[in-house]
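We just call them A, B and C in the order they show up, numbering each chain from 1.
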Amino acid sequence: MSELLSRRALLRRTALGAAALLALEACGSGPRGPGAARALDIWVWQDAADSVQQAAVDRFNAAGAGRARLNRVPGDGYEDKLRVAMGSSRAPDVFFNWGGASVKEYADAGKLLDLTPVLRANAAFRRSFLPSVLQAGMVGDKYVGIPMRGTQPVLLFLNEAVFADAGVRPPRTWDDLLALVGTFTERGVTPFALAGANAWAELMWLEYLVDRFGGPGVFERVKNGDVRGWHDPAVLRAAQAVEDLLDRGAFGNSFSAVSYNAGGASALLSRGRAAMQLMGSWEYANQLAADPAFARDGLGWTTFPAVPDGRGDPEAVVGNPNNFWSVSADVRDRATAIAFLKTAAEDAYAEDLVARGAVPTTTDAAALLDRSADPAFARFQYDLVEQAPTFTVSWDQALPSAQATAMLTAVQKLFAGQVRPAEFVDALTALPRG
Amino acid sequence: MLWAVPALLFFAVFALAPLGIVAYLSFTSWDGLGAPTWVGGANWSRLLADRDLRDAAWHSLVLTVATWAFQTPVALLLGVWSAGRQRSRAVVSAVFLLPLLLSSAAVALVWKSLLDPNFGLVAELAPRLGFDDASWFSTPEGALTAVLFVLGWQFIPLHALLYQGGARQVPDVLHQAAAMDGAGTARRFWSITLPQLRNTVVASSVLMVVGSLTFFDTVLILTAGGPGTATTIVPLVAYRTGFEGFEMGYASAIAFALVLVATGISLLLVRVTGFGRMHSTREGL
Amino acid sequence: MSPARRVRRPNVVALGVLGWLVVVAVPVYAVVVSSVRRREDYLDGGPLALPDAVTADNYLHALRSGFPGYLLNSTLVALGVVALVLVLAVPAAYAIVRSGSRVSARTLRVFLLGLAIPAQAVIVPVFLLVSQLGLYDTLLAVILPTAAFCLPVCVLVLTTAMRDVPEEMYEAMALDGSGPARALVRLVLPLSRHGIATAAVYSALQAWNGFLFPLVLTQSESTRVLPLGLYDFQDEYGTDVPGLLAAVVLSVLPVLVACLFARRALVSGLVGAGGK
């Protein structure tokens, strides 16, 4: 009710006509939606992998512990819609998100259910998830998220046939990578497919480069609210490396019109018109859905190479530790929501994830990996994440939304050649404080 | 007069009152979750100093002027031509009208796939027309041109219809008299048709200008403002600031400034051209 | 060149018209042809080539992925908007035309003011209002603001149409002892039916094509309207451009059918206030 009152106060203070006030008073006393009889409203990011969540909902409904409805929300604008809904009277009961930083604003506004008591009361439930990943679903000292998909490190994907034709091997070092750029551009193949219409796809390059040049501490400092962290020399060097790649034609000359959600970048890779793509591990599932033959036989992968004089560990990983379910604070039926969260720890759920090429972050997932659609890929990811000294969360997920939006604009300008690296760094330090 | 009250009330609640709230929100800081806090003129001074917004205003201006310069002659040509009563002209005009049947979302999505530099129509046409590839559309100038063209493709039929209607109201007597004086088609167009279409030109121009300043669905889907910020226009900045950055206060300041400018320009156009009554317009067009 | 016969004269116009014909027809051709191709053929063969094999799968797939539901929602929204607009705008226009000049001019000016308010400028408060009303993510959430933003044009169109009703006919009605309500039903409605049709078609199209209000004010699949459905297909389909284009073609069909039945009203509705 406090939210309602404050909004009413807002409207009083505005010099509105009597008519508007009248109408709004009427709204305040109007019905606030039906009661607990409704099914649990669950939002998930719509993509090729959401059949796993649909199966979980189906099993949950069949078991009779409660009723749930899965709402598959289109990915482009998922966060915007979620925010809008969270600010309205129709917040989803349970929703997909990227963990701690991505829901911090909701938690701060008191819109999330604290799951700490649930995990504390259920040791078996808590122990079924890898502790480090469960931790990525925390805001402050509270658990607000339950891991619900596979881990999603960003990897360097490649088209093996294109590599074989050129007689070259995947890059281990930055010099290797630059040499490959030369080789492929000469052969008329775009070295890297880049979905330049999506700023987050461009951002991945900077996330890895900053991590390799300066280690995870650079972004950690920014994330903790110190914008001067952007002045670290590693950020400038990363931006210069991007500019160098652009000058060498590493991304071709039409990347800015290529969209990831529309599948453009992945098609370039699978059709052999590009040799590599830096992308989250979900690329595999998307290729599997769009072009199964290529996903099984033609798709290769490797880690992001080391850079000269880099202070970061070449085994460090960036990306999304996992996705999470969070529960809205004004959930209509708390018990049903918590019962549903437990489906994420079930064996059947993990098996579905594995069958989809994902690597679950449940404790006993390792044993399931051989049953994966591609055991080699699953094993590679699992080992990578397990051995990585750090797992830096995607910057746009880790920063408050106002800052993230401005940062993505700056990134797009850098890749479009509208700003030089030094100006890019200046733009970052001038980001609005969320 | 009582009969107008329900409509007025409804309009006030869903259009005028929101505009008042926008004015109020422009003096607050609000993230969409909690309550707005009063920040005085902070958003407005930020607005004046915002370089990205200034770039966007420049793009909006360029797009508006170019839209007018591109759409008006083509629409005039098509409209006047199709005003002829010949059967063949009616059939061809029906083809011209096809883009009007598509929603903005459909137009933008269709052109997004046609303009795809790797798999689209332009990728196929470019080599045949002597270009190396279709990457020009990924340059800032190319993308802005693409936006201009797609908006033209979408809206020229509408303006052509306006001109067609106008041209059909030009009395035939005038043309017959001029023809007897030996005036050719071109001369008759300049000295009879065009002056007679003056009101239509003004109405169409106001529509185009206000439309180009405020319309953004097509740009959002087609280029999302890219490459970089090359096609980012003011309404897109307002939308992004509000619904991606969730700085609702600042977004409201941008939106309100946009309303002021659009209203000012359309009033100015109407006043300058001495066109007393706006004949028609479409919201968001 | 013979000065007597200016053979080249009409060519500028003809070339211009022909040029635009190509500009419109080629994309339309590419859309239709691509929508019946398989995805692989499209990626390898490009959008222009005639397909080796024609397939209806894209259409079937679009029909299976929620399209009929979107169609129903769009139709409901369009009907709702038209009904609401007519119920509000017809009496309003009648009042403006029939009452004292100062008040009516002022009323009209209030609506004209609305012409310059773009929908996205007020989207934040409209969203607030709708969520306070408990209407977020319902079709009514789209109908109400869309109808409000149709009112200015429709009131303008209807006042123009009703002004054309001759004064003597009102006087004749008054002599018969008819009140204003009777005059509206018996006299004004029949005589301004073209204006009413224009307003109805205009509102229907605004509702049918509206993008921003549904984008912000609705969410779930059960309230998705066509333009939004298309926008979302884009994500769902990935590089399946043929699938997307098939959905576009399907979304045009209802308008095309309506067009065949009511071309004149549709055209004047498109122009907004053109129907004279």
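Going forward, a residue touches a chain if its C-beta (ideal position, glycine included) is under 8 Å from a C-beta of that chain, and two chains touch if they have at least 3 such contacts.
Fair warning: this is a prediction, and the values are worked out from it, not measured in the lab.
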Topology of the chain contact graph, where touching chains are joined (line, ring, star, complete, other): complete
Label of the chain whose CA centroid is most distant from the centroid of subunit C: A
Chain pair that, of all pairs, has the most C-beta pairs in contact: B-C
Distance between chain centroids, defined by C-alpha means - subunit A, subunit C (Å): 38
Rounded Å distance, subunit B centre to subunit C centre (Cα mean): 16
Residue numbers of subunit C (touch at least two other chains): 43, 128-129, 216, 231, 234, 239
Contacts with 2+ other chains: residues of subunit B: 13, 16-17, 21, 112, 116, 119, 243
Residue list for subunit A, restricted to those that touch at least two other chains: 7, 23, 84, 87, 262, 264, 267
Subunit A to subunit B touching residues, read off their complex: 3, 6-7, 9-11, 13-17, 19-20, 23, 79-80, 83-84, 86-87, 105-106, 109, 111, 196-197, 252-258, 262, 264, 267-268, 273, 401-402, 404-406, 409, 412-413, 415-418, 432, 434
Complex interface listing, subunit B residues touching subunit C: 1-4, 6-8, 10-11, 13-19, 21-22, 25, 74, 77-78, 81, 92, 95-106, 109-114, 116, 119-121, 123-125, 153, 156, 158, 161-162, 165, 169, 184-186, 210, 214-217, 221, 235, 238-239, 242-243, 248, 251-252, 255-256, 258-259, 262-263, 266, 278-284
Sites on subunit C touched by subunit A in the complex: 43-44, 127-129, 131-134, 136-137, 215-216, 219-221, 231-232, 234-240
List of subunit B residues in touch with subunit A within their complex: 9, 12-13, 16-17, 20-21, 23-24, 31-36, 52, 112, 115-119, 133-135, 137-138, 140, 143, 223-224, 226-230, 240-241, 243-247
Complex contacts: residues of subunit C adjacent to subunit B: 6, 9-10, 13, 16-17, 20-21, 23-28, 30-31, 42-43, 46-48, 87-89, 91-92, 94-96, 99-100, 103-104, 107, 110-126, 128-129, 144-145, 147-153, 155-157, 180, 202, 206, 208-209, 211-212, 216, 226-228, 230-231, 234, 239, 241, 244-245, 248, 251-252, 255-256, 259, 267, 270-274, 276
